[in-house]
Structures are given as structure tokens and as C-alpha cells.
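Got a structure for you, written out below as C-alpha cells; questions coming shortly.
As written, the chains take the letters A, B and C, and residue 1 is the first residue of each chain.
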Amino acid sequence: MALVWLDLAGVFFFAVSGSLLAARKQFDIVGSVLLASLVALGGGVIRDIIINAGPPAAFANPVYVLPPLLAAALVYFLFANVQRFTSLLTLFDAGGLALFCITGTVKALSAELNPFAAVLLGVTTAVGGGLLRDITANEVPGLFNARDLYAIPAFLGAGLTAVLWVSGTFSAWTAVGVAVLVFVFRVTAWRRGWHAPLAVRGWHRFGLDSTGKSRGLD
Amino acid sequence: MALVWLDLAGVFFFAVSGSLLAARKQFDIVGSVLLASLVALGGGVIRDIIINAGPPAAFANPVYVLPPLLAAALVYFLFANVQRFTSLLTLFDAGGLALFCITGTVKALSAELNPFAAVLLGVTTAVGGGLLRDITANEVPGLFNARDLYAIPAFLGAGLTAVLWVSGTFSAWTAVGVAVLVFVFRVTAWRRGWHAPLAVRGWHRFGLDSTGKSRGLD
Amino acid sequence: MALVWLDLAGVFFFAVSGSLLAARKQFDIVGSVLLASLVALGGGVIRDIIINAGPPAAFANPVYVLPPLLAAALVYFLFANVQRFTSLLTLFDAGGLALFCITGTVKALSAELNPFAAVLLGVTTAVGGGLLRDITANEVPGLFNARDLYAIPAFLGAGLTAVLWVSGTFSAWTAVGVAVLVFVFRVTAWRRGWHAPLAVRGWHRFGLDSTGKSRGLD
């Protein structure tokens, strides 16, 4: 079914983002495969555990091991000549995000969760792998410390998927349409630097409050 | 039932602690909502996955999304004038700890786990959210690196809850009594600096052993 | 049954590694017990959640609480005189790795997962606790950033266990044989500095590529 192919494509995109980060961190080839696996399969394993319908697909179905191996091999042979590392990682990550917010939502709807829960689970699937990647690489997760919109595109994609599903118009073609929309939204937000306001009204970055004084956190 | 209200109150307290940390870390408002959700709902999701009784309440029941949204809004509008940041975070965190060690234990007992396992699961629920908060914020978790007692009050609350339940005297009133006791214990430990001995006999902080020499770790 | 004893021995070894790290990080005795519990029981809890066969053994069976308490007590009373900290941690960690890759694989096979999934789950069990240990101690996990082979011995042990099981020759004696083999392989790799190539062909550590120029990551 088309959904499996979309899921495998998402797994591959996230796996490449994991292997790219492993390369930048100077991990070895084994660490590259393992980090690719964690990023690519982590979000889906969390999803399947929460849906609670038998062992996660990543363990039960051997085909899910191939994308991380392929990603690590690609990075091993091709990355030495790559200059624009951060751009490449962001693009592959955006591809995984765009596909997983759809497949995660559909898997939850197929397991008969209500549409509201399905959207939350779709977003969790989409952002889970990247969160694990950043935590294990010992960085503050981009999910929380976003310089540009990251979770919002995932919410948009999961919400559209739920609407299409409930209205009976979900198909391989509308799924691809949603994926393209989420991908373009995420990449545009990144290139244009679209961002949400800070967590406190009147604050701006650089450690000063709106009156220009240091914030004096105790 | 009263237990749901205690649980929602605990969710709200932990959510505020998450949004406060997001503010201090200069995350944006989306990151504030997401970190509040992770801290507030993470411990309960781990508990429900371990109990293994269908999808976690945080996904199945839409009402659990409200406390993180409310917490992020409160911090957004009110925090700019707050001076005593660390104190506030510690107080809200203590409130969540006091309520979750009770509701986590009761949920486990209701799922027919034995009292011993229920106490362990209650403590896991209570400390899980804060552990996730510290890990994602890229700090050594306060749970392990405690300058004052943190897990001990949770064990006390979970243990008392199990005793009340087994003896048939658990009610909304005794639950509130246990919560107050745990909260006062935790806050007093924090203000007075009560702490446990270090992990090795004869060692003290500041990198010197009991003979005054540097420890020479290889 | 012998398998429970092997599992408990693995739990104890990982618990000691957790308490040793707690000592080096100057955590207190409560943090030592909790970190020992997380490292020793975390991998098994993840395994049992993925197998999805009721509450994890670590919660259901009270005996699993004893090894972390014992480990924290041992480190508390004996560690002040220990000089070779890193060596000791590596040895205990290798012992846990050697036993968990076997018991994890066997538990998965007993739950009727296919041998392929069982090997993946055995490796996950074996490396999961150490991964949690490094993440909570706020270090880049040794699993990914290995200066010597770590995951490969676990794969070897899990694979041999699956072969023995499928061929009907798995027994307490062959299990001990596999454990000794994995332990010797891991310790030898550590002492000799055996390592895999980096994640990108032609790169070496120290931030220079094969042409001697700085890598110019953007």
C-alpha cells in the first residue's frame, strides 16, 4: 500500500539527517548506523507503543532496517565532498517531518483513536525522532529552541490529514499534496526565518527585557 | 471523581514549571507549550505505557491539553514582572510532585499491580516529567544531582498512599492530606538545604576526598 | 531458572556502573540508587514495553530492586579507596552488556518474535541502559561516540544466541559461553583501542579532512 512507501521514505529522510549529524560529530560508522536508526525509527516506535497494538513495526518488519543502512552508506561515500552541511540536514529533516506527520496520524486513525488524539500522535511521531537525535547529540533540541517554525508545520499536516480522513477524501494523491505543502511551509519558514514570539511577552533574545535592563534571573 | 481533579492540578503545576524553564531558556511560545506538555504529560504517559491498559490518558482525553496551553499563556502574560524565577519553578514543581506521587500510585493500584510495584510506579510518575524537562533542557537532572531531598518526599507520599489504599482509608480528604505533607516536606527540604550524604562515604563536594587530597580520577 | 540469574547478574553489573558514575559526578546516595536503577532496569523496561506482555518485570517483581541497592551500598563503602575509576566502570559495563544481549534476545524469542526482531531487541536491551546513563549524566553517549567497539560485541552475542536458540542448542552452559566471548571481545576492543572507521570515508578525527584542510562545515 502507498502508505508503507510514504513511511519508508520518511524513515530514509530522517536516517540521512541522523547520519549527517553523526558525521559532523565525528562518530564512527557504527555510530552513524545507530544514530540513523534511532532518529528514523524512534518516533515510530514511540507511536506504536502508545497505540499499543503489538510489537512496533520497526522491530517486527525487517525492511525497516534497510533505510538506516542505506543512509549511513550514502553519507560514508558521498559526504566528504559536501559543503553545505546544515542546509542538507535541514532539508532531509523537513522531508521526514512532512511524511511522518501524515503516516503517524493515519496509523493512529486506523487504530481507531479519535481524530484529536490522532493529530497529537501524528505530531509526536513527526517530532519524536528529531528530539531523540538532538538529545543524544547533547544539544538543546531544535524543537523547543526553534529559530524558525518547526512544530507548526507538523500540526498543520496532521490536522489536514485528519480532516481528509474524516471527510473520506484521503488518498495517496491528497497525502502527497499535504506532504508537499508541509515541506514547502517548513523550508520557507527556515529560509525566511519565520519565528513565533518568545515565551514571555515583551522579551526579546540577547538577555535583555523590553526596558533594556538585564533580566536579573535568580 | 476527585482523583481526576488532583491529576489535572498536578499536570497544571508541572506545566507551569515547564513554561517557566522555557522562558528562562529564551524558547519561543511554541516551545513553551511543547515543553510544558512534555513535563506535564510525560510522567503520566510513561506510567500508562507501563500499566499497559490502552492508549495513555494524555492522548485519549482532550482535556489534558488545556493545562499546558493555560500554563504557557500565564507565563507569557505574567512572567515579565516576576523576579524570583527559581523559587517559583521549585514551588510549582513541588506541587506537581506532591500530587503525582499520589495519583500515579492510585492508578497503578487500580490496575491491580501489587502495592510494591504501585509505589515504584507512583514515584516514577512523579519524578519522570521533571527528569524529561531537565534532559531536554540539556542540564544534569536535579533528580540525581539533588542539592536537597527530592525523591524521598515522593517515596513517602507514594508509600503513605499505598498504606491508606490497602487499609481502606484512602479518600479525597486523606489524599489531600498526603499531598500537603509531601509538598511541605519538599519545600522545607529545599529551603533548609536538607540533603543526603554523597554516594561515597567520606567524600564531600568540591572535589576533595576526606584526607584533603584531590581525588585523582583516571 | 538459570536465565533469571543471568539477568539479575547483568542488572547488578549495570547498577554498579551507574553508582560509579554517580560517585564521580558527586551525586548523593539517593541519586546513586536512582541512577543505578535507571541504568540497570532501563534497558529491560524498554524491552518489556516493546514485547508488550504486561507490566515490566522490573516493576512486577520486587527482587529487581535489590541489585541497585546493593550496588549503591558497595560503592558507598568501598569506592573511596578505588583509584582506577574508568577501568572499573568499563569492566562492569562490559559484564552487563555481555549478559543483557543474551537475556534480551531470549526474552524476545520466548515472546515469539521472529529471530531477526529478537536480535534487534537483544541489542536494544544491552545498549539501552548505558545510553540512558550517558544521556542523564549529560554526556555524548559512548554508544555513538565510541572510541572502541561497543555495539558490535552486543550484535555478535545477540546473533549467536538466536542461532543457538533456533538450532535447539541453547542452554545455561552455551549462554555462559556466549557471555564470556562477548565480555572478552568488548574488553579486548577497549584495551587495544579497536575501532570502526569514521562515518565519512577519508575523514579522521581532529577536524581535518583527508587533504589536510579544515572541513568548513557551515
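Here are some notes:
In this section, a residue touches a chain if its C-beta (ideal position, glycine included) is under 8 Å from a C-beta of that chain, and two chains touch if they have at least 3 such contacts.
What you see is a predicted model; the values in this text were computed from it and never measured.
In terms of which chains touch, the assembly is arranged so that all chains touch all other chains. Residue numbering at the subunit A/subunit B interface overlaps only partly, since under half of the positions present are found in both copies.
Between the CA-based centres of subunit A and subunit B the separation comes to 28 Å, rounded to the whole angstrom.
For subunit B, residues touching at least two other chains, in rising order: 49, 52, 135, 138. On subunit A, the positions that touch subunit B within their shared complex are 49-52, 113-114, 116-117, 120-121, 131, 135, 138-141, 143-146, 149-152, 195-203, 205, 207, 209-210, 216-218. Residue ranges on subunit C touching subunit B, taken from their complex, read 19, 22-32, 34-35, 45, 49, 52, 54-56, 59-60, 62, 65, 72, 75-77, 79-80, 83-87, 135-138.
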